[in-house]
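First subunit A sits with subunit B, and in the next complex the same chain sits with subunit C.
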Partner chain A sequence: MSAVAEGTTPLGRLAEAAATLAGGEVAHARRRAALDRLLALGLPGPRDDAWKYSNLRLLGRRDLAPATARPVAADALAMLPARDGTTVVFLDGRFQPSMSTAVLARGLSVTPLAAVLAAKLPPALEARLGAGDGIDERIRLLNAALLVDGAHLSVAPDGAPDQQIHVVHLATGGGAYPRLAVTLAPGASARLIEYHLTPGDAETLAAPVADIELGVGARLEHYAITLAGAHAIELQDVSVRVAADATYRHRHLGLGGQLARLDLRVRLEGEGASTQLSGLLLAEQSRQIDVRTVVEHVAPRTTSDQVYRGVGKDRGRGSYDGKVVVHKGAMKADSRQSSKNLLLSPGASLDSRPQLEINADDVKCSHGATTGALDEQMLFYLLARGLDRDIARALLTFAFAEDVIAKITLPALRRFAEERVLGSLPAAPLIREFIA
Partner chain B sequence: MATKPQDLDSLVGQQYRHGFVTDIDSDTVPPGLNEDVIRLISRKKGEPEFLLNWRLVAYRHWLTMREPHWAHVRYAPIDYQAISYYSAPKANTDGPKSLADVDPKLLATYEKLGVPLHERARLAGVAVDAVFDSVSVATTFKERLGEAGVIFCPFSDAVREHPALLEQYLGSVVPTTDNFYAALNSAVFTDGSFVYIPKGVRCPMELSTYFRINAAKTGQFERTLIIADEGSHVSYLEGCSAPMRDENQLHAAVVELIALRDANIKYSTVQNWYPGDENGVGGIFNFVTKRGECRGANSRISWTQVETGSAITWKYPSCVLTGENSVGEFYSVAVANNYQQADTGTKMIHIGRNTKSTIVSKGISAGHAQNSYRGLVKVLPSAEGARNYTQCDSLLMSEHCGAHTFPYVEVKNPTATVEHEATTSRIGEDQLFYCLQRGLSQEDAVNMIVSGFCKTVFKELPMEFAVEAQNLLAVSLEGAVG
Partner chain C sequence: MTDTNQSELLLEIKDLAAEVQGRKVLDGLNLEVRAGEVHAIMGPNGAGKSTLAQLLAGRSTYKVTRGEVRYRGADLLSLAPEERARRGLFLGFQYPVEIPGVNNVYLLKAALNARRREQGLPEVDAFEFLGLVRDKMRLMQMDDSFLSRGVNEGFSGGEKKRNEILQMTVLEPTLAILDETDSGLDIDALKVVANGVNSLKRADRAIVLVTHYQRLLEHIIPDRVHVLAAGRILKSGDKSLALELERRGYDWVRHEASAA
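On to the complex of A and B.
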């Protein structure tokens, strides 16, 4: 992975692409620094323990150069659920003011990064634009090496409570490397809903990176909804810092893509901080969905709760790799992890790896993981009541996914997610009747 | 939790009971490793050609390998050229004919360890193939086993007497290329135990070996091979203790178990090697590869281990479940105190239909110790109806220690059912209060709670081991709770 012949390997082509990007001297130097570091480290490979389940060979033939935004149909967002509040649209990693909401909710500010990037920034901000402190430096470096745009979203202390901020990522082909910085002031609260779409089902690579900071007592509900097509590779990297008494929730719906991976790191830095993470990994057809989380309990009395459900169908593959780290001195930390996988077809495979790394004694940590087929007894119960075998299986599969879907607090989004899961099941109308 | 620091100091400051060096002349090869040393070992042991070649292949492969560093342990680099690879007690050219011929100093060593060879052997009905450094010096109950057709002998005897069996089975579960330490062991192993249970035989007694590390600076490279032929049954006990020493000693053993159709192997270990002093100086590096293969249908392999010793433990007794309906089990208690580091667990590889595995792991960390469970449950597409249950619990007894859990669950068959559960906590103050309030001392209360925590594993141990394990646990953890 060290000696890279430029132009032939993904990394070599990446160097060529980075050299052609606009943005002036400062932006160029920043990208070059990231690229040099990435060239030295190499992209993650199958020998990396944390990447053993993700097949990055797909990157080999992919066009990594940042796409020049192609025009998209005006109704590109029509498939999304009804949205209140602010909508911010990125097309191939670039902010699109024309498609975004003009009038922002109270207390919210949206700063596009493209203009800011050309100048030298204060060190604290500069650090947030580099590799930052994600789980895996390399995806962040990939983003930083090709960074042209992004946005800084900031909610002031007096912002409208629980306001909805919808961020839509559209990819039309080639690479997209948007960077999101989100800051919630102390006491602020918001819902951030990210959608990932590939209109036209093009071959794409997206490596969106987000840095999120929650002030004291702030609350953020963060949804990540992957609806990309069957030729999309998506490597999301999210890093979150949570101050005292603040709460961060992440709800992941992996419903699309060829290879969709999320690396999520949450640091509970203040006393009483808490986080709740959940995800539905719908691995059907030949889709691969991987989730890796690292939750760090840095401060005392912090709590974390993770619930992940994987459904493996056809030749789908998926993995959950979740690590909870309790630092020295993080007494009274309370952590739970639950990972359940449902295998429906012989060709599907699901892996899970719930890990605990505990360096303090006064803690309560547990995890549970199960993998298997549908429960025969439950199936029998439904069959005995006259249900068709296919319908019974569909109903149980839906109920399995509902564990996670039920955590969605936005009604429109929840119905949308339910429909997406139903869409892949037989007897959808009947199940709709059941849940109505 | 009001134990005073000075009480703790006196309790934690306990000396390692089994620390002593028996002064016997050793026939030791100078430190260093190259092909000549391997040829010398092979010649000294009078090995056939195939075994020498096998060693050399392993050595050449080892040279291409890098030391693994993925385990959650830290240690200073090991200089493999500073180790002496062969050491045998002298005056052993003819081999002792009976217990009376055994060097009395040697017997005294076992005496101190609480293993009175002759007494224990007779009373407990246990045949002891005592391994002292690298050459077995005493074997009892050979005749009784011989009547049943069971072969239980030092590895070097097996090389001479049963080369065909060896050629067929050696390295068939742990190939020479398996991992860094297994390759090293394959190249330089000096002795160990060999067991063969013929078809349909239920071994008339529990087989047991005591491993000891004695001469300074000699790494031990034991090799154990157990073959249970169709329909046979064997229970094997392995117990260890080593003298006190300031320098780290490397121990890289390989254990291979092969269970053919309807065979049953139970392998129990109590490991109590020198863990280093309370400052983390010295102690054994225990880098062991243990693996069993349930090759035939309806076979069963069960690993039970109680790990209280060693400065570093790196050990994953595993089961490859190839035969239909075969069963793999792993029961483990790992205790780490002071600066001990343990990275231990198991691998269950489900290949055959309806294979089942159970994993119960109990980790206890105290002092500044790091204790990790690392396990893999892998269900291959061919393993229709496979079933696994895993439970791993950790108990934390100080604010400076660490307890980690790294389970890997990989399932490629939709009819499989795999369950994993893990908890980590410290001894409940309410439990402790309850015991203290009923008049128990803090030490007794902790012992009782810890025993309860480990009970599911201890009940899998053969009786005499269970008692030893219980005592060992109490000694290892004395003064660990504050």
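On to the complex of A and C.
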């Protein structure tokens, strides 16, 4: 192990924590390999261009060791919208059978990882537990170095179509490093809804990593809803491979956390594969929300569409860094990126950086980014109809967020998101009826 | 026009000058509008017609450098735009903006109730309001889908203009200023819009039509016609002036004014 001053730096404390984890020699060796590499690379820092907004100095002196699950109130999930289908709960990164659905929908299998990590795994699964395939190796290494549990979710070809799989991450203090592997068989379809909560509002670090594979013609609608408290650091890393004619949708709602970051990589590997990504970054109080996406058009006739909206209030900060890469041979690729930021307070700050890298001919790519205050023409229109200025401003703020909220296809979740956004607007009771 | 001199003076503009980003757009404009009257303000492109309409409604992009505007005796320029609307001043926009996510009908209901509160009237409830708005929608030949859509969201140019007039018929303003309401309408839509405007003519209300062409005035007969050019009213007359402008254009008015 490297000569890092253990116990003082976040990395040093991570190394100490990793050494104490149980799970046998195989699991230990797997973690140690990841840790050694991470110690060599170091954690992302402010000089790292892609991390210049996400301030990891916040890790400070907080406890990063994988938490031993504390008991949570039985109604910890009561705040969530109604859930049909399957619910899988992770408490501080560990699968909780007692809080999860016992009987699964047709064609769905859920394999907790804790039990299998001790053994040598088939190479295909082993590869998915490592550091490869993400945008940033380091967050995956962090997860791999402290990996104690996770799940492999698999939907068979004859699985109940569009079934809902709710994955709830509860963090009560310390570190949580769950790993999800998700496999949709050819033709399968599902909705995966991930919630991130910190009941008790403790200081937490969560680095959940997901590795997703869609077979030919499969469809996945993936929601990531961040509701963590004001002392939560969350570093999500999601990597997706999409086969021919399959469709992957990612709907991100950044509504919580102290520092909440999402790194999302989508590779369109089969002809006709498509992806639609959207996110609402509600950066209020002293919250920092960062989203980085990399969409790769590998095969011909692949399409991607990204819609990100940031709302900055108080001293909130946020960023969208979206890169589209069209590989050689991906002719007729079609890609769109739209990023708009709305600044409601002088102390808030939001950044947008859409980027394109095109290595093929005959492609259609567009991107646009704006940052500003409320639309003056819209505001005047509402005022000229006699609306109070406060109401008009709140309505337009809501309407701005609605660009993204409208993409939520689950009615209960959509109402939940609308209420959350309304809850942060000053004139909420007055504008509620406008959106009924 | 002799009898209307007894009716209330709704709008009184004296020597109004305004600029936008340092550029003079109005320069010594005078105008009086009394209750019961229909006025048409015509003029070439860039004459300041839309500036006048937006300025009266309270658009802050225009800076008044001289003169005064009184609306029903009050200093209009000191009122916020929402206050002007509640007191019965209505602007029908030339380019109504799309506001996705804000429901068309809820906006209209809120607008009506803001106006009713100002008048000391009880607010209308949802049921009562729906009945009212459906009646007006029939008049404007609009189908029910307008009820569920966002404000002007995905509306064609003609639908947007109809929506403006629908709002006007529901809000029943005291002074309606309609900015190029006829532009972009085919002849059938023009008739529907004119019909809506005519349904509002009343002894205690005035309508100001800002228009580039005479054709709207075949359907809504004005009492007074004004030529606005170079930032002021150069000539006023009765409806025959509109026909003369249609025939001769605007240049002769300018020459006449500069000769005077």
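Going forward, the second predicted complex is superposed on the first by the 433 of 436 C-alpha atoms of A that agree within 3 Å, B and C clash if a C-alpha of one lies under 4 Å from a C-alpha of the other, contacts with A are read in each partner's own complex, and residues count from 1 in each chain.
We adopt the following convention: contacts are C-beta pairs under 8 Å (C-beta built on N, C-alpha and C of every residue); 3 or more make two chains touch, one makes a residue touch a chain.
Keep in mind the model is a prediction, meaning the values are calculated, not measured.
Enquirer: In the superposed arrangement, which partner chain does A:Leu350 touch: subunit B (first), subunit C (second), both, or neither?
Expert: First partner only, subunit B.
Enquirer: Could you say whether A:Leu387 touches subunit B, subunit C, both of them, or neither, answering first, second, both or neither?
Expert: In the superposed model, A:Leu387 contacts subunit C only, not subunit B.
Enquirer: When the two structures are overlaid on chain A, which partner does A:Leu396 contact: first (subunit B), second (subunit C), both, or neither?
Expert: In the superposition, A:Leu396 contacts subunit C only.
Enquirer: Go through the superposed model and pick first if A:Ala406 touches only subunit B, second if only subunit C, both, or neither.
Expert: Only subunit C; A:Ala406 stays clear of subunit B.
Enquirer: After the superposition on A, what does A:Phe434 contact: first (subunit B), second (subunit C), both or neither?
Expert: Touch status of A:Phe434: second partner only.
Enquirer: If you stack the two complexes on chain A, which partner ends up touching A:Gln377: first (subunit B), second (subunit C), both, or neither?
Expert: second
Enquirer: Report for A:Val216: first if it touches subunit B alone, second if subunit C alone, otherwise both or neither.
Expert: Touch partners of A:Val216: none, neither subunit B nor subunit C.
Enquirer: Please work out whether A:Ala118 is in contact with subunit B alone, subunit C alone, both, or neither, and reply first, second, both or neither.
Expert: Neither partner.
Enquirer: Share the list of subunit A residues that count as touching for subunit B in one structure and for subunit C in the other.
Expert: On subunit A, the subunit B and subunit C contacts do not overlap at all.
Enquirer: Within the complex, which stretch of subunit A touches subunit B?
Expert: It is residues 49, 312, 328-329, 331, 341, 343-346, 348-373 of subunit A that touch subunit B.
Enquirer: Quick one: which bits of subunit A touch subunit C in the complex? Just the residue numbers, please.
Expert: For subunit A paired with subunit C, touching residues are 375-378, 380-389, 391-392, 395-396, 398-403, 406, 433-436.
Enquirer: Quick one: which bits of subunit B touch subunit A in the complex? Just the residue numbers, please.
Expert: 70, 72, 379, 381, 394, 396-426
Enquirer: What part of subunit C is in contact with subunit A in the complex they form?
Expert: Touching subunit A: residues 57-61, 80-82, 84-86, 91, 93, 96-97, 99-103, 106-108, 110-111, 114-115, 118, 150-151, 167, 171 of subunit C.
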